[in-house]
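Taking it in order: structure first as structure tokens, then the write-up.
Chain naming follows the written order as A, B and C, and within any one chain the residues start at number 1.
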Amino acid sequence: MSEFRDAFRTAISLLVNFDGDLMAIVGLSLLVSLSAVFLAAMVGLPLGAAVAACRFPGRQAVRVLLNALLGIPPVVIGLIVYLLLSRAGPLGALGLLFTPTAMIIAQWLLVTPIIAALTQQTVSDLHDEYAEQLRSLGVGSLRAIPTLLWEGRLSLLIAVMAGFGRAIAEVGAVIIVGGNINHVTRVMTTTIALETSKGNLALALALGMILLLLALAVNAAALVARDIVNRLYG
Amino acid sequence: MFLRLIICLIVTLLFLHANGPAAAAERFITVASTTSTENSGLFQAILPLFERAAGIAVRVVAVGTGQAVRMAERGDADVLFVHHQPSEEHFVADGFGVRRHDVMYNDFVLVGPRHDPAGIGGLADAIEGLVRIAARQAVFVSRGDDSGTHKREVSLWQAAGIDVVAASGTWYRESGAGMGTTLNIASGMGAYTLTDRGTWLNFNNRGDLVVLVAGDRRLFNPYGVILVNPQRHPHVKTAEGQMFIDWLLSPDGQGAIAAYRIDGQPVFFPSADKDTP
Amino acid sequence: MTASDTERQHTADTASILPLRVRDICFDAGGKRLIEHISFTVHAGPCLIVLGPNGAGKSLLLRLCHGLLSPSEGTVEWVEADPIRARSQQAMVFQRPVLLRRSVAANAHFGLRLRRVPRLERQAVVAKALRQGGLSHVANRAARVLSGGEQQRLALVRAWALQPQVLFLDEPTAHLDPAATRAVETLLKQFHAAGTKLIMTTHDLGQARRLADDVIFLHRGRLLEHSPADSFFAQPHSAEAAAFLNGNLLW
């Protein structure tokens, strides 16, 4: 149990001393995961809503594919992105391997199906409720997508935060495509993995606590934003 | 509108990647290396010296030797810095590398629980130690990840004439993980394992583990460095990569390696051929 | 939609889309025929009430007329040849108001915004409609926290703000208490007085007597009567209608 006490003490001293390396790592974690989630939302929200609200050929296939992608292990995504971005791979010429961009791409692929699948569920329910009224008002199914997304904003924020949770906590994909390079692609989770493998369990646990704190802070910020939006728009 | 936003973002991210948090437009090389060099703390000690001297940042991707070699074969690194001589020679012979240079060495050690159920403590013969572990069916944790350490361990078992494949899952456990993780497992289980001395010295979760067998010449652990062949992969940063290799082999680099200590103990011993650079 | 289209719809738009001709329509769902060979014509002017017991097919008929459903057989035709214009001159209010999770005013703006009505014009129309619906004082409140009666009035206001020629209403007071029902009926009379054609279903005989000029009586998917309200209530032709008026449920 002394590990927990040590970890707690270490976490506090890291935070209080505003450790430079730690701040860079936290910053990169946030940058990578927030970018990935933002991009995933840009694709996942409309895609999920389209699958829920529009009839188009292949709709069932897309739905099945989205649900299947939910279960794909991050390591596999990492491996696929690695093989694509590797110098010997089809996108090798871009030189993106072992960069934060590669990590964003991997997390984006990881998070998009989550957001899309949850969006599909939410918008599907909303669509049942709104479909007739919207059609009566002359809203076509494509035009209905932004309306339904906006109507579902409260639930959809949870979907996006679930995506963020998966992104920020993920280690398997980013360690493969990022390489865990010090000061370049080292994020919270890969640092925790590294410190664990050095046997610095207390430090690793302290970093885990800080990661949890970070996730809490982002979620709290999202909820505050939600309340503000709620107050403004009812 | 969505589409335009996405395109804007991708462009932004590409810029971000180019100018990244890793300082603007810096010169850098990518080195595929092993967890032992990273986990032992060596790179953190010596790389800043080179970076300051040459103005070239060194980005280390630390994985098992097997994975590092394959990474270099795919052209995803400029320099390969690992510790399994046969693989390294193979790499050069196949045309993936320019030339192999000796850089440094240390040694492997057999570690195990203090009460030592197999009774190998103090043996000078590593093979005899393994034979006793097998005879006693004492739990042994193997890396099982095709790393340099794992390859060495497998060859030692072969020399001892013990078929560990048959024992896999019983007293012989394969972690399929890096050195540190494997040490964590051995520490948690009170098991024996083979580790490089650098990782061991820098490892902070030893629990009940102690060094039991060391000093056998079959535990000698040489590290080699190789420039990835630019004829195979034209994008390889030949000049910068060669500067790094030259520095490692130079008196400055060799001195830095020798000067790195953990708790006052040397971790790696420089071994560059004086004529090479 | 181009600017000139908008112009046409909201300023110089007077040509009536009525009459509506329903010719021999059937509607099947789940292997059952729910609407059987119904034909009738609706002219501008009188308030048309579609009466009948539960399950007679009243709501289906309304949706078929409004174009939310397509008939399995037969045709529904407006005299207006342009289907987009015909649609833009109709609105519908449902049994349960479907309000957006926005403010009362934003709900009222929604339909007009879809039709690209310029902001200033929109604000004037919405303010007037909210005043008429007695909702001005809650304009900035969230629509979903209004009382049931207020919500239904907002649904009416939203439809009314579109200035439709034809307003479909599917049992708009089925879930309301008497006071709220009276408020809705008052609004409907105002709309009617302003020249909007009302086509409304109800199973509430009292309401039908208060509002109807013409009556369509449906029973088990068939149109049994289509006559002026006075003669329908005084002298129904079919035995089913007579039984319905006497309060004997026919199912």
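The rule is short, and it goes like this: a contact is a pair of C-beta atoms (placed from the backbone, for glycine too) under 8 Å apart; a residue touches a chain by one contact, two chains touch by 3 or more.
Every value quoted in this text rests on a predicted model; they were computed, and no experiment measured them.
Nearest to the global CA centroid, when each chain is reduced to the mean of its CA atoms, is chain A.
Counting C-beta pairs in contact across A-B and across A-C gives the higher total for A-B. A centroid comparison over C-alpha atoms places C as the chain most distant from chain A.
One finds 77 Å separating the Cα centroids of chain B and chain C. Note: centroid distance chain A to chain B, computed from Cα atoms, is 32 Å.
Between chain A and chain C the centroid-to-centroid distance comes to 46 Å (mean Cα coordinates, whole Å). Touching chain C in their complex are the following residues of chain A: 129-130, 132-133, 135-139, 143, 147, 151, 153-154, 233-234. The touching residues of chain A, when paired with chain B in their complex, are 24, 27-28, 31, 35, 38-39, 42-43, 46, 86-89, 92, 95-101, 104, 179-184, 194, 196-201. Only residues 2, 5-6, 9-10, 13-14, 16-17, 20-22, 30, 35, 38-39, 43-44, 59-62, 73-76, 177-181, 183-184, 187, 202-206, 233, 235 of chain B touch chain A when the two sit together in their complex.
Partner chain A is touched in their complex by these residues of chain C: 63, 66, 68, 87-88, 90-92, 94, 98, 100-104, 106, 110-111, 114-115, 141-145, 162.
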